[in-house]
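What follows are several structures.
Next come two complexes, and both contain subunit A; in the first it sits with subunit B, in the second with subunit C.
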Partner chain A sequence: MLKILRSQLDELFALIAEKETLYIPTDATAGIAQFKKWENGMKMSDKLKTSRSAKDFFFPQTEDLVSFKKTGKKIDIIDPRTETEDFVIFGVRACDCRSFDILDRVFLAEPVDTYYKNRREHGTVVTLACSKPAETCFCQTFGIDPTAPAGDVSAWMTEDAVYFNANTEKGNAFVDVIKALATESDDTAVEAQKAATKEILAKLPIQNLKTEAFGGGKTEQYFKSPEWAELSEACLGCGTCTFVCPTCQCYDIRDFDTGHGIDRFRCWDSCMYSDFTKMAHGNPRLSQKERFRQRFMHKLVYYPENNEGIFGCVGCGRCVEKCPISMNIVKVMRTLAKEDEGK
Partner chain B sequence: MNETLIPVVGVITEVKLDTPDIKNFRVVGRDGKKPFIHKPGQCAMVSLPGIGEAMFSITSSPTNEDYMEFEIKKCGCLTTWLHMLEPGQEITVRGPYGNAFPVDDAFVGKDLLIIAGGVGLAPVRSVINYCRHYRDRYGKIDIVYGSRSKEDLAFYDEIVSEWMNPDEKDVNVHLTIDREQENWDGHVGFVPNYVKELNFSTDKTVIMCGPPIMIKFTLAGLKECGFDEKQIFTTMELKMKCGIGKCGRCNIGSKYVCKDGPVFRMDELSELPDEY
Partner chain C sequence: MQEMMKARAKELLASGEVTRVIGWKKNEFDYDITPALFESAEEIDHDFVYDDFCGPNLSKFTFQHQKNDTKTLVFLKPCDSYSMTQLITEHRVNREALYLIGVPSYGKIDVEKIKADGMTGILSIKSEDGDVHVHTLYGDKTYAKYEVTSERCLNCKSKKHPIYDELMGFEGEVMENERFDEVAKLEAMTPEERFEFWRGELSRCIRCNACRNACPACTCETCIFDNPNSGVDQKAAKDTFEENMFHIIRAFHVAGRCTDCGECSRVCPQHIPLHLLNRKFIGDINKFYGTYQAGEEVGQRAPLTNFTKEDVEPDIVAKGGKV
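Right, the complex of A and B next:
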């Protein structure tokens, strides 16, 4: 693997940014960690994760799909897309990186979403192993190893150095760029960090939730569970969980009249909203209970049913931290699987 | 690459007020040809940019090579706008979306019983006219169609002049309306009851579309008569935005109605959560 001293980090970022647009997590206003386009002097955040997930890079919150020009009875259709530039996202955590695989299975399935695919092809993902996982982390529940993240390039940051390993062709190209600053290194320091992190992970409270109770084919078992009523009782229907979730991918398509034409855009949407399924003649999900149930059934049963058992959650813990009424997938899983019984 | 979220221009060539709240729209591309080819039961996203976009079944049969038809009931924002459009107006269309009725496999050689209520005739009309076109591939065709009143029967002219034409081979149309009215000497009563009264032989393949309440009671009646869920096909409608199984709106259980449906065999539908 390649090693670069932490004191050379600014040089490294400058070197990458010379070739491609570089995004790093940085402490923005009021200390919120956020991915931002790197500019000279920008420091990398040492927070565990960004407030928003990294899904924005491939599935932005809003995005123009198509534009229309109306002249009398005529309509002209314009594809508003310009060529996408290559870019590098540096410092993606293992959980967010797995979310890309989960989104890929939706957006890259036939018929392919070309907007998403285009961004995916132009982005190089450089992951960063976790060394200080938080109490809200539960990625291991879904078989993710936060000390060995995937991505085009995996990186580990120790007290004094950053270590890199390329995993893909795009990763090799990245490594070729940074070689000018790097030296070859063995993995002693990385292995030591992994071992130390694993000791912390072993002590975390929700790292090992039971997933065996969930997966495809469990619709009948859970859909009519009486527990949904109580679990969803306090839900505000604010949709925060869906927006901070790296795997939530539901979207709306809307038209905006610019005064010169119509811009049709898509934006994140939430199955937690009453409008989500509302049609002119009625709404199949009338209460918050049904909408709440949909979100969790989708992540724990429907998604795995369509995707070889892979769950639609990566255990990043954002919903655990951000839900205003402290309801989350961890509580849902424990309640449905009756995990608390007998304890 | 197939840019499925980007529509093509459709030109409305004819608008017909079919019932007091249903209009029929004929649509071609700018080149005067059909915007795309489809199979019976498939749908298209129709839009008036700036107003909205929604999924509609393509009511014309694929065997109609000249134009595409949509049968649209005025019931929401977009449909109200569409009802104000006149010939020559351009709209946008994209598709075709979804699966189709199995007209080329499961239906072949079978006696068909087609049951529809209200504007629910729109998606199955495509099947009816397809099967009439390839008449020899199918057995007898029975059509039970009901609406609130005589005026509310969609495609009434076509039903009388073509489907009920004495020259039609083995096509029997059974019309019904909800309440007695002048100028109507046909059957009066709801579709589910009429289907039971007609007492069809249970070897028929059933194709059904209509309001949920009609589907529910007709299904129960058919089962009572001895029909199996595997013989019954229906087509579904849920809110849709993308049409390609990604936006998440039409998700029921592990299925997406836009992609895995809209046509479902009743036994497949029964396995899904009751959320439609």
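Right, the complex of A and C next:
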């Protein structure tokens, strides 16, 4: 395990950034944190998590897929991909890190999404263990240990130092870079922090949320549940939950007329929207109830059905914090589990 | 107040005067409130809540409950009541199908202010006698209520209910406020500074449409940005210029109809001060056409859809808005 003093954090960032583009969570205006490209003098946020998830690094909200340029009778087809540089994301939490596994199972399955794969290959993920979880956290429900995050490198930040452990080949390369600043250390301080955090985790109000009632094979049972009507009643049909969600992966592909050609781009889509999956015959989900149901069925039933029981939620709590009407997956799971018990 | 509201709602349900009640209910935490529909006394006893966190404006939730055969009871805070009046003026809701009860609001707490102060692991928040007690996993803190009251309530425009069938508590007054102070700061900027300010703020937009969908003035059946036939429908902007346009177009579309309820900024997951765009328009309308408050009375003619000889001339634009 390597140790770097917190007073050396600026030096560390400078050292990493010398070699690769570095992104860290930093306080944006208006009291929210967001990942930003590190520049000299930038301070790392002490907030638990960024307002937007870290999925943007691999699956950005919009990206150009291909451009068509017309000159006279000739049409040029241009591949606009520029992301070939290696980059480091520093300070990813355990929940967001798990979301990459969930996205991988979608984008890296055949046919492989080369845009996503390209970014994944060039990115090194340095995670940061949580020591001050929020009341909205429930990653433990999905078997995530926030005190031992995965990623290429795991890091722990105590009051005076940061500790690093490499987990992958990319992680080893990262550790090699920072060795110049680091000293070898045992894991006493890290273990102490883990133990202290675990005590807090046991007291979190949503930590007792259970997944037993969900998983593959439950489609028939929950699809027809009468509970959806009440759960979705106040849903505004906005896309907040889907866009702050680290695992929501639906997108749309559109052509944008530039006047001289076409830019074909992809952008996030939301199952909450009325024109989601709209086809020639119209939209298969006519009411907000059906759209709302789709989102939760996808995370709790369809995704695990297709992915060996792994759920499509990581318990980061962003939807719990951000929904304008405070309706979220916690409420849905509690309500449906209660119904399941009664059966 | 909560108990009075519950009792009255149950009474109206029992008498058959109304068959549905739109109110608020509590969720996981003290501070997260969901607008809810109640259809029985049991549901009201179990879930109904009215406290300092009941920020959501209920006026727009009446949309789905407009059948004429039975009435729906809706509880309205003063600002919700302005929105409701505006919706009735625009014939967007059926007044006959609604039973409106005005309830007082003594300022709603903005939990984001508490969180921005570094409070996390919040287990409970109690608001009593002007103090707000926050109990967390990491220690407790007490705030004076005004310190954690939402901006829109600190700058309350009115405690009056422009419309109701029944009023609970005292009828309030139109309030003196400082809501145009922030607008004045923006106006004092150079165009370049102002452009930078808005580019910075709007760059955080994730285009989730929460502002639009929560807005009681946004009542188009199909928004132009959702309509594939409009030619401008996009789920995300192709470029940043377009992203800004979404908010500016929306602000123009609700100009003269926006009552300044502040829901747009409350629901924004990215904390963009969207209400400032609307307030700028409200301030300009006041300046150019005489003081006007949307939603003040049913059937009022909005300055932008009404002609009077006193209206400013179009060259006001060339004069940079100086009367």
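In the analysis below, the second predicted complex is superposed on the first by the 330 of 343 C-alpha atoms of A that agree within 3 Å, B and C clash if a C-alpha of one lies under 4 Å from a C-alpha of the other, contacts with A are read in each partner's own complex, and residues count from 1 in each chain.
FYI, a residue touches a chain if its C-beta (ideal position, glycine included) is under 8 Å from a C-beta of that chain, and two chains touch if they have at least 3 such contacts.
Just so you know, these numbers come straight off a predicted model, no measurement behind them.
Colleague: Which holds for A:Phe265: it touches subunit B only (first), subunit C only (second), both, or neither?
Modeller: It touches subunit C, and subunit B stays clear.
Colleague: Is A:Glu191 contacted by the first partner subunit B, the second partner subunit C, both or neither?
Modeller: neither
Colleague: Going by the contact rule set out at the top, does A:Pro284 touch subunit B (first), subunit C (second), both, or neither?
Modeller: first
Colleague: Does the superposition put A:Thr240 against subunit B (first), subunit C (second), both, or neither?
Modeller: second
Colleague: For A:Phe223, select first, second, both or neither according to whether it touches subunit B, subunit C, the two together, or no partner.
Modeller: Touch partner of A:Phe223: subunit B, not subunit C.
Colleague: Scan A:Asp252 for contacts with subunit B and subunit C and give back first, second, both or neither.
Modeller: both
Colleague: Report for A:Tyr302: first if it touches subunit B alone, second if subunit C alone, otherwise both or neither.
Modeller: First partner only.
Colleague: Kindly classify A:Phe68 by the partners it touches after superposition: subunit B alone (first), subunit C alone (second), both, or neither?
Modeller: Only subunit B; A:Phe68 stays clear of subunit C.
Colleague: Considering only the touch criterion stated at the top, classify A:Glu39 as touching first (subunit B), second (subunit C), both, or neither.
Modeller: In the superposition, A:Glu39 contacts neither subunit B nor subunit C.
Colleague: Starting from the residues of subunit A touching subunit B, keep only those that also touch subunit C in the other complex, and list them.
Modeller: 252, 269, 278
Colleague: Can you list the residues on subunit B that touch subunit A in the complex?
Modeller: My answer: residues 1-9, 49-53, 75-77, 79, 88-92, 237-239, 241-242, 244-249, 251, 253-254, 272-273, 275-276.
Colleague: Spell out the part of subunit A that touches subunit B in their complex, as residue ranges.
Modeller: Of all residues in subunit A, those touching subunit B are 65-66, 68, 70, 73-77, 79, 106-107, 109, 111-115, 216, 219, 223, 249-253, 255, 257, 262, 264, 266, 269, 271, 276-281, 284-285, 290, 294, 297-298, 301-302, 305-306.
Colleague: Using the touch rule from the top, collect the residues of subunit C that touch subunit A in their complex.
Modeller: Those in contact with subunit A are residues 27-29, 32-37, 56, 61, 112, 115-116, 120-123, 136-138, 200-201, 204, 206-210, 212-214, 222, 226, 228, 233-238, 266-267, 269-273.
Colleague: In their complex, what parts of subunit A are in touch with subunit C?
Modeller: Going through subunit A, the ones touching subunit C are 28-32, 34, 48, 51-52, 61-62, 132-135, 200, 203-206, 230, 233-234, 236-240, 242-244, 252, 254, 256, 263, 265, 267-270, 273-275, 278, 320, 322, 324-328, 330-331.
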